[in-house]
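One chain, chain A, appears in both complexes that follow, with chain B as partner in the first and chain C in the second.
Up next is the complex of A and B:
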């Protein structure tokens, strides 16, 4: 029936039933029986827990009515997010009730990657995994086993693989494609883990510098809140980004830098501070080592040189550093997060940020770097190993040539993939994959697929049928965070608290919590598990706090302790060898790297191409949430950002569809373009995580274009082994015709050009 | 006379969509074409006379002073005794299926009496209403300023979840309220045009360049006059 017909009909018949109705919507005390009758989430049972829609883990309150999760809100007792949670946190409900979830253990029946499956029992699945682990270990040695992991509950599996004895027991793409370079840089400058999350007091800053960080589109609730509060209080914001990001929209100064030249800008700023005597002399004198080396190394890097290299107006570069110097020491410099950009210069770029921070004295002061406060928890080891349990390192390690890979657990993902492909220095024959989608995370997924084809066995533990699940032999359905306990969440910010994740509902279908899966697997591998269940495990951890799971839950799921983010000046020392901030890094120099960063340009686009850059949208986490009913509806696909002048020259209009072809001839599906002045003409931008290749993710499948599947070229950071993501270049194909892209911003001779392979 | 109102601070908003998902969850807004009680539209990056801008249009029902959606409702009026949620006062009033609540200024829908004709949906120049045709009988639906939450002392769902504290809700008739201050002293703006000004009670503050983009979103079509 059409609306209008319906109207005629009902207008005639539907006369007022009662002439006098009472509006009963007013405040009153409600009887228990009435509660479930209340509209919306009102009157629901409230259970405190911890979010897991991204890795930041905000404390939440989960609201349940009639056994169904109806709402998720921030936990008002949380000193960080309070009642706030982001779009993803709000949409956690649909992670649980997603129709495409992995429901039962699956066994591959067709060829790998063909997508043919049989439902099997947990018993059979676990037996098969244990059998293959033992078989591969026996045949190729223990180091042929590798675990790729991520997330809250991967820890149990990590312990199992570590106990098995492989050096490849935790190869986190989240580290080796993401935060690794900057963690290393700050660790060797400040001697503590200052990066994950950024230990920067945004809220009290007088000036904020973001280099390639797109806060706002990249969402950590507490950081957004303190950043925005600082801006409201008058902090100046400088954003260095080839794209006009949401953050750039709020900035006092946007520096649309030529991609790959950030280091030139940072070195010139350091030099300017030193030359003009604008650096924090007291802080440098009292708390830093290696100032003279820095001074010498950076002289010659002038603002005018940087202006040419970075393709920025010199006056803006100067204005920016003067804003920072003026605000010192209350300067918040974001250390960066996803920092595996170009390979060879990645660690050093973040060393430059770390040094700049110290030159401005922005350490241990409001608005600058702070120190985390750790609550006193008891270490809980999942496995009870024999006293004589020993593991032997391999004769030749995978990561032998990467001197700083060893300070982290596990191995660089690239080393595992290469060893799997080549059998050198030893064969890798079995992969476990837990909570990470390798093919939408690691550059050159085509190479990863080739490696997978060479494996004897691969199993995946996940919630959704991702691409990685799709290429596995056995797939185990993980419980979502709303159906399980997990390790305690310990806040590592300038507040100190411990929060409890606990099951809100029973695991749906045949999904199982990771503790149970790991315990069953451990048993089959001959290990003894120390704890009966998660509660016993958590109670053990909580013991020194005189808390247990029940008490912690009853007090609102969170235990808050006093934090001391700033140390007394007389006690201020750092965890480095010299106990000072190491502006010059001897350990790097000892391994033949630069003790002070030097400018190494990233190759410019080859003629006819633009650089492919990427980032996040605030409603999605990696490639993890694209199938979520609500989030998918909110942001179903990505668009390609194209500079307006470039588009005009190419005759392209907003909304036109193009195919992207990269420097190696790899092509994308068609994608709509978004024409904007908010991006440089030598780069195009895609939001990350779209264009799923797993047909089992019915909403996300082929929606938008995957940036990762256009990355066939990458370079490794020689220090810690990260794989880069920003060395790929594309041109367009429209209506079957190749469109070469004109160079609107000429490249100076100091910057080499990426060389196309002859075959491409 | 009490008037609930919301001020959205575009200086704070990062366009994260937490408000839209929280609303969908709270009120079980189904997935469907145009089915939503609130929204976030991305504006820019675009050149403005005040520089390059990138901002958002977070929209919701404006709970207008002169709600044209109420005017076009064809349901018969019935007499209802309304109670003030904040006191014991009552007021007897004849209202249609959609009406402006006498004690809060919220524009509400009586779902029992909604005919599902869609008149109000088409009348709203802000496109703030939708017709939920997933129900056995279609019903109009829209933002209520979370009436049921607010009268029980809770914040609106979108306000409570806003990660940047960009949404400020309160009573515009109360000179001590934050919304009063923002509207009367800080120059918060209504999204109106010379063609369409029906007294919206959602206001915006932001940089000149951001408001320039936002104001381009102001309705110019007198949609309610186009109804048959």
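Up next is the complex of A and C:
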């Protein structure tokens, strides 16, 4: 530079500038860094970790080069997924580098849900949360605090809320909108947690039964692998689904059942097995209780009756049960995962599946149910509580009327929302939301929004600015799974291993790992955290295995142990009261529910409407990934599946746009239709998770239609409190005109019809 | 105070202001006003009377998270890397830093974050690395800064940011003239 004074700044400016005493804190001297100039992922450093693009958590290898994550692959040392990961696993990179992600703690500056924010410091954000927790606790009592949580790291926050003393410390939407009914059904039949993930040995099955399953669209790599292996080995597949799903596409027999009638089919099958003597007599005699009760309860359910109720050809129903009976005991019956469908029948429907499994003797045998093997880890409690630390239950619990809610953590989400709205039986005034998007998960999001409006305070910890974040007062940016340690992934299935999730890069912007956030929050609430950091916490757990984080990472991020999925026949007993498989359930009967399931129909669509059903696409997880650059590119929006004959009758063509109006008059944005013979004419189908209502997720916002925002009606399972998702009905609006939908498959009188509200 | 240091300080000040300017002190406001006078830039009166709360909210809207997406993300990759974060321009910035033997002090923001790049200009000025400065400005910073400025102005920002972007632009272009002469 020739002239340094080219700027001609005035003396006054120079003086003023000098008074600011600025130093260049932005840069530091660099050690000689190794820089790889090789193309692509060549020359990248490989770090083992665990995926978190869905809850399945496959072990992975992450390649990082010059500080940037460049590729993700399956961990070849993993006995489950091996080198394979799914599209979402590959796209994890774009979860990190999404420019819409939450970057710094935010404080709401406008009205709730208005979308006005200011960045604040972590100090300020955490102080504010702690202040509000204390204030609400003092003013309304401890049970007025509620935490909604999900994910690998939610446990730290759960411990904090539990220690605070609220009964609402873990209200997992994932449980009360999803797998809860099945867990209860199988727990009371088999006495162990056989459901999450399904303890089913697909790989060695000779026949497989899937009822309303998203398998193949909901990609869980290891389960898909073993399912496909079974099909390659010649297993027969029966799929019960009103829609020609991916699984149906691979089926030997597809039963396009009338939605809401699955119980009729299962009960008729049970009856048929018993009547024809096709059940596994040895297994039933030696290992089951309550056979006579079942025999008596199901005897009226004939195949021809089921054919009428389910709207299926009787010969197909018969063929299916004969395939299953012939393959017994090597029959894989998936217990079901998301099963909060209709409300009153949900637990009993899965009890029926559990009983059918036992009648086929498909337990403790290759191809059937197995027992999980757990690695020996040391329990690690996050908080170190005072010895005299006590929590008091409320005078009147939220879940008083739900007899089986108590065996699970926390409270049903619906109870919390209702209490927040009504103040009964006590007020709920503060919500913490960790890693879950309430508004795209829980039916009737409009009601949830009204509840949020009544809160004194709501904070959210998330990675993306989801709808829940959008409605929060304080939003904390969570680190992605590629930027943090996490709780160990423990595979306790018919394979047994422990895998380490570890940071590949430092958390971007000011996102922080949940451990750190929880620790800072705990401190402010007067709790002592037992561990200095994640590594100390993980090492404590790994101790009995003579491992620590460093060793585990060095040996490829995974420690595999021998598994024993099947017990010796002479040792075979179950964790139930009778130590046998309880075909008849006394505990249910004691609470005035059926000890053996009886047919409970789900109301049929009101005249002029079809049922709204929903499912998944293989490249997305819930409503979590729609903003991901690569996944959005693959599948940016959903389409509405409409039966071809129905479409023809209505004059609708593939690609036409309609608006959906549900039974309560709630309308969707326009959506393109996909005309197909692969769905019944009494239902339409939407893939879940699309149609984001958070304008802060720019790629996903208003792309496609949200099924959840069309669910204004739901019913609660009376046993454990799940909220149903399949009791909503829609008709179309095209060019401003309402199209009532003709009934192409008449409904028999045994099935009641959903009654429209007078006002609708 | 040496004149070289003046300039360098000026760019550090800019870096700080682009990196979430909370608690705008009266002294800083004074410097900004004087600078605008010296450089003959017109500013609206409200530019430097912005309240702290308003400043935080407006910064968050423009650069961090906001409905329908932030209008002007302060990262080169967004403008020269297909609207994404952490693309080639980030590696490019990093390569320049390495040539000068420095790197970002924090790994929070990607290397092509505007405040980092401005701090790098300050560093090169202090060190007198004119050649590298010229190359950095021409091949990198000035290739995206005008696009950033355009995106920012389109979002009708508070006058404070109009003033800040004009000041930054004026200083960068004068500096570029100087190093290219």
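Criterion: the second predicted complex is superposed on the first by the 721 of 760 C-alpha atoms of A that agree within 3 Å, B and C clash if a C-alpha of one lies under 4 Å from a C-alpha of the other, contacts with A are read in each partner's own complex, and residues count from 1 in each chain.
Note that contacts are C-beta pairs under 8 Å (C-beta built on N, C-alpha and C of every residue); 3 or more make two chains touch, one makes a residue touch a chain.
This is a predicted model, so every value here is computed, not measured.
> A:695 in the overlay: touching chain B, chain C, both, or neither? Say first, second, both or neither.
The answer is second: A:695 touches chain C but not chain B.
> Under the stated touch criterion, which partner chain does A:97 make contact with: chain B (first), chain C (second), both, or neither?
A:97 sits against chain C, while chain B stays out of touch.
> Taking the superposition on A as described, I'd like to know which of chain B and chain C A:629 touches: first, second, both or neither.
Both partners, chain B and chain C.
> Based on the superposed arrangement, let me know which partner A:111 touches: chain B (first), chain C (second), both, or neither?
neither
> Check whether A:676 is in contact with chain B, with chain C, with both or with neither, and answer first, second, both or neither.
Touch status of A:676: first partner only.
> Look at A:66 in the shared chain and tell me whether it touches chain B only, chain C only, both, or neither; answer first, second, both or neither.
After superposing on A, A:66 lies in contact with chain C but is clear of chain B.
> Share the list of chain A residues that count as touching for chain B in one structure and for chain C in the other.
On chain A, the overlap between the chain B and chain C contacts is residues 3-4, 6-7, 10, 14, 16, 18-20, 22-23, 25-27, 629.
> Per the contact definition, I'd like the list of chain B residues that touch chain A in the complex.
Interface residues on chain B, with respect to chain A: 11-12, 14-18, 20-22, 24-28, 31, 44-47, 52-55, 74-86, 113, 115-119, 131, 138, 146-149, 151-155, 157, 160-166, 210, 228.
> Contact residues on chain A for chain B in the complex?
Residue list for chain A touching chain B: 3-4, 6-7, 10-11, 14-16, 18-23, 25-27, 38-42, 70-74, 81, 83-87, 89-91, 93, 215-217, 219, 221, 224-225, 228-229, 231-232, 244-246, 248-250, 254, 618-619, 629-631, 633-635, 676-679.
> Where on chain C does chain A make contact in their complex?
It comes out as residues 1, 3-4, 6-10, 12-13, 15-16, 19-20, 25, 27-28, 30-31, 34-35, 37-39, 53, 56-57, 59-61, 64-70, 73, 75, 78, 83-86, 90-91, 94-95, 97-98, 101-105, 107-110, 115-116, 119-120, 122-123, 126, 128, 130, 171, 174, 177-179, 181.
> If you look only at chain A, which of its residues touch chain C in the complex?
Touch residues, chain A against chain C: 1-10, 12-14, 16-20, 22-30, 33, 35, 66-68, 97-100, 102-104, 106, 109, 115-120, 465, 505-510, 629, 695-696, 698, 701.
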